[in-house]
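Heads up, the next two complexes both have chain A, just with different partners, chain B and then chain C.
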Partner chain A sequence: MGPTMKVTTHPTADTLTLVLDGELDASSAVVLDAELNKPEIVNYKKVLIDCQRLSYISSAGLGVFISHLQRLQDSDVKLVFFNMQEKVFNVFEILGLDSLMNIVPTQEEAQAA
Partner chain B sequence: MTSHLRIQCSRQNLQQVRDFVREFLLAGQSSELIVNQVVLAVDEVVANFIIHANGEDINQFLDLQLALIEQRLDVEIEDYGATIFAPSTVAPNPDLREYIRQGRKGGMGMALVSRIMDHVEFFERDAHTVCHLSKVLAK
Partner chain C sequence: MPKVRRSAWFLALASLCWLVLLLSTLSRGQPIAGLPANWPRWVLLLAQGGFAASVFMYARLQPEPLAGQNFIGLLRRLFLRGLGLTLGLGALVGIEQLTSHHTLALPGNTTTAVVYTVALALFMVFLAQTLYTWRSLVNFRGGAKLRREWVVFEVLLGLTLLLQLFSWHIPDGVRLGSGIVLGLFGIYLSGHQRWIAYLSLGEKWQAILLQLGVLGLTVFFLLYLRGAQTDPVLLVPATQSSFLVFNSFFATFYALAGLMITLFNLPVAKVFEERRAEIMSLQQLSQIIQRGQSTPEIYQILFNSAIQTSKADAGALLPPRGVVGSALPAPLLHHLAPADLDAITAVLVPTPGTNHLPEIVENDLHRSQRIKDLPGVYGSVAVLPLHNTAHDYGTLVLLSHEPFTFDSEVLSILHAFTAQTVLSFENLQLAQEALNNQRTQDELRIAALVQERLIPRQLPTDDWFEVATYAQAAKEVGGDFYDFLHLPGQKLAVLIGDVSGKGVTAAFHTAQMKGIFHALMQANPLAKKERDRYPDPHRFMVQANEALTHCLERSSFITAAFYLIDYQAGGFSFARAGHCHTLYYHSIQEEVSYFRTEGLGLGIIRNAGYEKHVKTQFWDYNPGDVMVIYTDGIVEARDGDGNEYGEERLRQMLETCFYQTAAEINEELRHDVQEFSRGQPLHDDQTLLVIKFKAAQPHA
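And then the complex of A and B:
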């Protein structure tokens, strides 16, 4: 069985949007990690994570975001999540990550963040 | 109601585990939030067994048993590998601000499990490691 996660990228001049499609687990998290590891990511002012089609996240997926967050912050890159499904947001809440990560309801709010 | 699944120790099988737990629980009437939480807890334990206890050796396998009696769910995951694996069952409380500062990737799985499930226990049976999880499911 192949990765259960597809990541598509939508760059503009100062914003990179990553659209997550599928389930982010210990098998598929490597796909996201590869995107966030790209050196050019620190050239953007914002990295927006579109979670509308993200149907599941485990600690492996959370760990990918946690592992990159400081590096992005040190480079003045804002990481913003939007369109998150309730059951996925609940996982962030269980760990208290909802207060440490920037999660907003809509793309408009993410772009304005 | 009971159900059983055997999987080889490959992280490619985590999807199958989640689908197995999801289908079992959706036959009851638990909310999507509760179902997702339990699916996550089982996924985390199974991933630990696959990756840390068995080094993703596909020659090793795990048995999963689900039982739902009234509203109480019992999950048993038995590891047939040779290594006895017993992570601390003291509810971990990771310092996530420090994890972020360090750029740390792992170490949150058992915290999720202990916060989701009512009871978490690892024990040895017939030289195998068994994890028992239980939860009373609210509607």
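And then the complex of A and C:
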């Protein structure tokens, strides 16, 4: 069994974009966690998560974002999600994370946020 | 130590015999020291035989001279001792020459007799040393049968001594025949030269030189003794020639045979040595598996062995492609520039239809069409992927300055290496998996046990509601939980939730949640108003969140929904903390819908700020209303195509069965979910609670 999700990073001067492709479950959560755990992440002003190809998120996947949320906020790094599929958004919404996290429809809005 | 004492006796006996031999030789033709001249012949023979026997016995009783496989050390010791003895003889002969023309000359044959006796003794010692050095070599890896044969050979040699001593008359034919038999025996024993196979090339050359040296020394002694025996001045009788002759013959022949075999071995020694190194490397690899060594060590040994045996000038061991956290994080390099490595990796493309790299062997790199960007110093290259059908373990790259280095023979050895390495990895992996399985199974057993204990054994019953439950744990135990508490004054508290994570940790948090539920639902005796005796749902969630703050790891959270139903007020209040929306059948409106309320999961915000993220809702119920409370394992159940069951299908199902009893509704819904995901494994725990409010039937 290979990893169920691919993470691609696109760094620019002050923005780091993570493109998630696949299912974010317990196994792929480890990969994403390693990416968000990198110390240089606090040097960016914004971390954008491209969810266009994210087809599923499990509680372990949500846990990764939850555990990094406080740290990023404390370091003044904005965490913005965009292009989220409805099914995945529902999971964020039910858990109440939509009130806590910045989820916008498009990449342009994410960059403007 | 009886052995040491015995050898000391032989030493003493040898010295005594030698003294008698000397005196007896001196007595030839002249009286000495007041003793008569011309001692009888048997005295001389006895002394000579006794001396030979004790010297040989002494050498025989010495501890085994061969230490392990140090053959060169053994030969060198023999040669140096022989050289010492020969130099001693040379010095004596020199003195004899000087004194014979000098006024200091001793009377008669004295000098010659002394020198001759000493020389004979030296030669005996040398022969004994040689014989027992050869014994060690003959018996090396020889076995018990050969050792017995050797003892027979010794006995026969001893017999020749006795025969001479008693001067029995033996017919010439028998003498010749037995001589030939003994000679053939010696030749047969000289065929046992197994030790030569264990020499390296350099050692073989050393062995040849040392054996030549030993031969030279023997010849020197023999020449002197031959001359001395015919010396008219000496007038000695024939020595025990057969013993000496057979001994010298065997000593010489064994050295000669060894020399020849070593010489003939020289041309193939190198090949032999290479094979040996290959076998050793393979053995090393297999041993590593047995010792259960780590993956980095296996990589390192494969790499070293492959470079050594293939005589590659440069090489690299590349990590498996697309594997996170490999035991080989960076390529291992051997005299290879990163740019040259890039030139090779650029052409590494998986075989179409598979995920594995092909094997590439370019033995004429200068004319290769495939790999063009390598510098001209390289003549051939071999790229060997390490994989089995399921896993990629990396890629071995070997480069040689010479063309045609990687011929079929080298490749077959390299294949043996790579196969052995893959096998090592497979074994390691199997061992690891077996360990993990055991651990996981233990965990699952504990977690299942905990969860089983946490599920309420008895459902609350009263005449104003019905409750029916269904709970199914997924294979990897998740963290679904629910609980009821019947409170005084016809109140019912209901809690449902789902802990993120699996296994023991989840079960542990489930237990904590249950504890928190029971602790918070204790009646507050100080409450002034009846409705303050129990925390309202909002307070319940805020307090639960605070309690969890200290024990939940950062990436874990809990979703929960809490309901406080009051029969007397005919309504209930509830709060949702990130949990699935409640499905509700309104009997008045005859409508099924979800309570879509806001509320953040527990453990996500771990400070007072959480208060703002959860709300209490109120609802007046009517008899016949149905409340369906569940966990996400229900709505996220998947069919064979990966579609989720979903809220909408659950809602539609309730529309068809709301009029039934709680137990029947529960059964209908459960059945439909199971039908939907028939044949699919259970991904997550499923919990389904159905509460149906009944027409008021006051207590009797």
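The criterion applied here is as follows: the second predicted complex is superposed on the first by the 113 of 113 C-alpha atoms of A that agree within 3 Å, B and C clash if a C-alpha of one lies under 4 Å from a C-alpha of the other, contacts with A are read in each partner's own complex, and residues count from 1 in each chain.
To be clear about the criterion, a residue touches a chain if its C-beta (ideal position, glycine included) is under 8 Å from a C-beta of that chain, and two chains touch if they have at least 3 such contacts.
All values derive from a computational prediction rather than experimental measurement.
**Student:** After the alignment on chain A, I want to confirm one thing: do chain B and chain C clash, or do they fit together?
**Tutor:** clash
**Student:** In the overlay, answer first, second, both or neither for which of chain B and chain C A:V77 touches.
**Tutor:** neither
**Student:** One more residue to check, A:L16. First (chain B), second (chain C), both or neither?
**Tutor:** Touch status of A:L16: no partner.
**Student:** According to the contact criterion defined above, which of chain B and chain C contacts more residues of chain A?
**Tutor:** B
**Student:** Once the structures are superposed on A, label A:M5 by its partner contacts, choosing first (chain B), second (chain C), both or neither.
**Tutor:** Neither chain B nor chain C is touched by A:M5.
**Student:** Counting only touches as set out at the top, which of chain B and chain C does A:I41 meet: first, second, both, neither?
**Tutor:** neither
**Student:** Have a look at where A:E86 lands relative to chain B and chain C in the superposition and call it first, second, both or neither.
**Tutor:** It touches chain B, and chain C stays clear.
**Student:** I'd like to know which partner A:G96 touches here: chain B for first, chain C for second, both or neither.
**Tutor:** In the superposed model, A:G96 contacts both chain B and chain C.
**Student:** Between chain B (first) and chain C (second), which, if any, makes contact with A:V31: first, second, both or neither?
**Tutor:** The answer is second: A:V31 touches chain C but not chain B.
**Student:** Among 440-448, 566-574, 584-592 or 692-700, which stretch of chain C shows C-alpha clashes with chain B in the combined arrangement?
**Tutor:** The superposed arrangement places chain C into chain B at 440-448.
**Student:** Enumerate the residues of chain A that count as touching chain B in its complex and touching chain C in the other.
**Tutor:** 26, 59-60, 62-64, 66-67, 69-70, 87, 94-97, 100.
**Student:** Taking the touch rule as given, give the residues of chain A at its contact with chain B in the complex, in rising order.
**Tutor:** Listed in rising order, the residues are 1, 4, 23, 25-27, 56, 58-60, 62-64, 66-71, 86-87, 90-91, 94-97, 100.
**Student:** Sort out for me which residues of chain A touch chain C in the complex.
**Tutor:** Its residues touching chain C are 2-3, 26, 31, 33-34, 59-60, 62-64, 66-67, 69-70, 87, 94-97, 99-100.
**Student:** Touching chain A in the complex: which residues of chain C?
**Tutor:** Touching chain A: residues 322, 324, 498, 500-502, 554-557, 559, 577-581, 598-601, 604-606, 613, 632, 644 of chain C.
**Student:** Which bits of chain B are touching chain A when the two form their complex?
**Tutor:** Of all residues in chain B, those touching chain A are 11-16, 18, 32-33, 36-37, 39-40, 43-44, 47, 50-51, 94, 96-97, 99-109, 111-112, 115-116.
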